[in-house]
């Protein structure tokens, strides 16, 4: 019986998880491992929802959003007894390696699992927030950005038809990446994020100047969820700038959608890197993409550090916060 | 000098306004009228933003959302002195007919204008709410529905990945048309609208039954804005049904987007009907589409009656409110 | 055991088949029939690929293009012995009624089946060509039109960037419906179809006039497959009009895509009508949509007549052929 | 009078040109240069279609495909006398720098212009073929790939509904980049490009094995335009593999479409780099993106070398050619 590898999606869902699952399963099989799929995230490990990855199960999933393996947040996995159950479920099938596609919480959980039972894993960073340390890119971000773009391009139709301001809140509890890139990509006038200090007085003066002197007759403002400024800024544009303003909270529309080409290709490359790292004997490595190349980092460097925003994006965005 | 016809978009913007403008201008020119474009809605009439509709101005607009003529809500138009100014602006250019694309508020305003100065108009109903009496269809509805569909299809990816309930609030202050059709088109389990009485107890029982007996592990609920039930239902699903629930308010994303084929073709047919009604001497007729055919109604029948919801849609939707 | 109804998709695939399958299965179950799904079209009847329609099989299919039941062209079904095998497969499961979603060829095949074994069917017209007699609409047409629209809107970007002519061939072997509606919806300058006589000389003169006098610097021409004029017109624009021209044959891109809202709702209404017609004892009725209402026709009226093109579309399109 | 910089789009149009124009104009203005727009590519320089880049001209273009500045192939620019005319047109406006967004042919033309008149330029590589030496990325590629993806995802609906093979020809006369990435991103079974030697015998054996043993019932094959194998492979699948096959030539659909977020952001970064290189006194530098970072290369390194395909893509694609 060939050695088994179990593939799990865990944490918040992100576009690109499905192509990563498909590619990891196929690449593992081609290189002598027997791939298994875990349904329902870490809970699925405990509940023994582990199925051999035959061709039909990974066929026709490449272009679908979310994760067909489903995900979950598992409280039980924090308890040793449940983890031991999970271990027995893997052991009885000859599974000796794990590949997890998810966020840093999931990586930590599997590191604990490794400490308990010595079963190594490889991690593929996937979260639309793009806030995992050590990698320039997390799976799902490009798709989320393009979903946001389509929404904003649609709102712009109304904004330009009606001389209105639209405030659009995008996801990102601690990280303004989606907000910054969306603001640039949509030509927004205002962008508020946790990372860049903003000054409403100067923003207001800039807007009024453009309205009075340059014929500006609509405003797009992008606000990161984490600033909690959506409502406030909307009222402020109404009251201080004097342009009728509306708030749209994009919500979970941002999470879905068929993965873009970029996310599908990144899924392939991340998966190949992850399977190869496991085959080569790496333990608990997190795959990272930095400066245009793939590599891996020990879990501590990923989970104990804070993500740093791309300085070139910050630099381009700064004028929108001033 | 040939007789002039001025084309105006007024009220909330809707997809399909641009193809209607283009077609009306071209069709009018072909039939001996000289077409003019009014920028900025009724305000534009007062402020004399009236431009000859040459080929370049109506070229390349067919596929764009919103209205390139821009719209507005005009308080000034309620005053006789401003209306007279508008009349002078039209008269000096030899404009003797108006074509307005908008909602019933705009029709009423132009009817007052007719009472004052005897200038006839034709109206094309355009509003994404689909709540104008006498017509089965208002321009913009199909595009709005497809924008909503894409958003819900995206949210569904997340819902099915994660065992969650999503409550989605769609536009419609007095009318549940968008909510009902979207609920059917997205296979939602729950739909709450102003028109159909709903019973949360029986809905809850139905959901629990499916969760316990049929493996249901996600819920999509569509709520019309006018019910003001978005927040309440979201908490209620959380607390009473016991499934983690999130609310998404789709907002102005619904208004924009490139017009669908249906809206482009309806725009053509409505425009042709409107120009022909003016040429044939009809005064103040509102174009309507009923039972698959175009016709027109006197303004009183449109503005003094309440829209009636398509009973076949109500019938299909009823089980989602029970 | 309750009476069974088997649902089949047959002939060329069309968007809307999946929502029709889902709705028919659910509506039949609600009204006391036991729904079955036939996989692989008429061949599936013969090969006994008939499965009970449980909730999971019709879940998550509403938004998918094509047909999850798959389709086929079956030569075997022309032979009595194979049809008898099909009959036995139905009989042993207690299936007494058939619902077929497809084109007139499929309707004829099932009518033969009825003549042989007395098993009644109801038909839902589904084909992107919109060329079935007696109904104004066939399932799948709206989605195909919107797929074409998106392709043409994309090509237009290049056409306007580069002073070029683009000839676009759309599907329709005997019927110019897709070509005509697409030409209107995309603001094309030229449209060639089997139905409307066209005159290249006058078209050429019209184009040259616009190029020389009105600044026209690109041309969009839509050609129906059935005219076989794609290549010829492309060369003709190059040589006679003197504008660099390119041909794009849209091909099977037109067939796919997530069903639009219109197709989903029509699928619902067609399915309800079909199930109700079977329950009420109608035999071999074809559901039709005419003048905004649903009804049904005896199969002879559908299969022995030629489809007539919507005259209002022909009228709007005629100037593009002159 | 501040120094002028003229912005030109030249060669085949590509998505991302519009955001590059907008950003370059705004960034130049902010840094003390006076931006001008050249309409109609190099021909526009000769014909004096040079306009001051005021806010309205670069507003509302960010999300539009193609190039609003329009492009052209200019034979006249090969002649010194026309180039001198172009130079006079620039000189009389105080324009001393050029920024060109296009391919290597355009870079060569402007290098000749520099040799003649000493006017320096900066180049931004833009072509959907991604075949310019020295840069990992050319503007427009991501949008083209996603347009292709949507078309293939649509065709897949039909392929899986009907047990068919689809051969899809994508652009790329000398370069298989679009074909390779599209094949990976769509999970194609077969990929033929100019770069990777392919073996139809072994491909045929692989397909037959999967059809007979693994239930494969459809095939997607992606073929690069440059191989000229589209027709041949389609017939070969029909005849040798025995599965009904259809060819779709995607054509100019690939060129258009609203720029993706990736192309918009790359447009920003390329533009900033280009304006900065001109300000810093660089002459005739081509902006390049390599290993995740921006830089620039002398024109000779770009125009005298052949593009090298990303080896990680080649490696992932090789199994599809065997």
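Order of writing sets the chain letters: A, B, C and D. Residues in each chain are counted from 1.
We adopt the following convention: contacts are C-beta pairs under 8 Å (C-beta built on N, C-alpha and C of every residue); 3 or more make two chains touch, one makes a residue touch a chain.
These numbers come from a predicted model, not from an experiment.
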Check: Can you list every chain in contact with both subunit C and subunit D?
Finding: none
Notebook entry, point to check: What chain is the most remote from subunit D, judged by the mean position of CA atoms in each chain?
Noted result: B
Next item on the list: Look at both sides of the subunit B and subunit C contact and report whether the same residue positions are involved, with over half shared, or different ones.
Entry: same
Check: If you average the CA atoms of subunit A and of subunit B, how far apart do the two points sit, in angstrom?
Finding: 35
Notebook entry, point to check: Once you find the CA centre of subunit B and the CA centre of subunit D, what distance in Å lies between them?
Noted result: 39
Check: Between subunit A and subunit D, what is the separation of their C-alpha centroids in Å?
Finding: 28
Checklist line | Interface hub residues of subunit A, defined as touching at least two other chains | finding: 153, 156, 160
Check: So which chains end up touching which?
Finding: A-B, A-D, B-C, C-D
Check: Can you name the residues of subunit A that touch subunit D in the complex?
Finding: 22, 55-56, 60, 62-63, 136, 142, 145-146, 148-149, 153, 156, 160, 181-182, 184-187, 214-215, 258, 260-262, 264-265, 268-269, 272, 290-293, 312-313, 316
Item checked: Touching residues on subunit B, where the partner in the complex is subunit A -> 9, 12-13, 15, 64-68, 70-72, 147, 150-151, 153-158, 160-163, 166, 246-253, 255-257
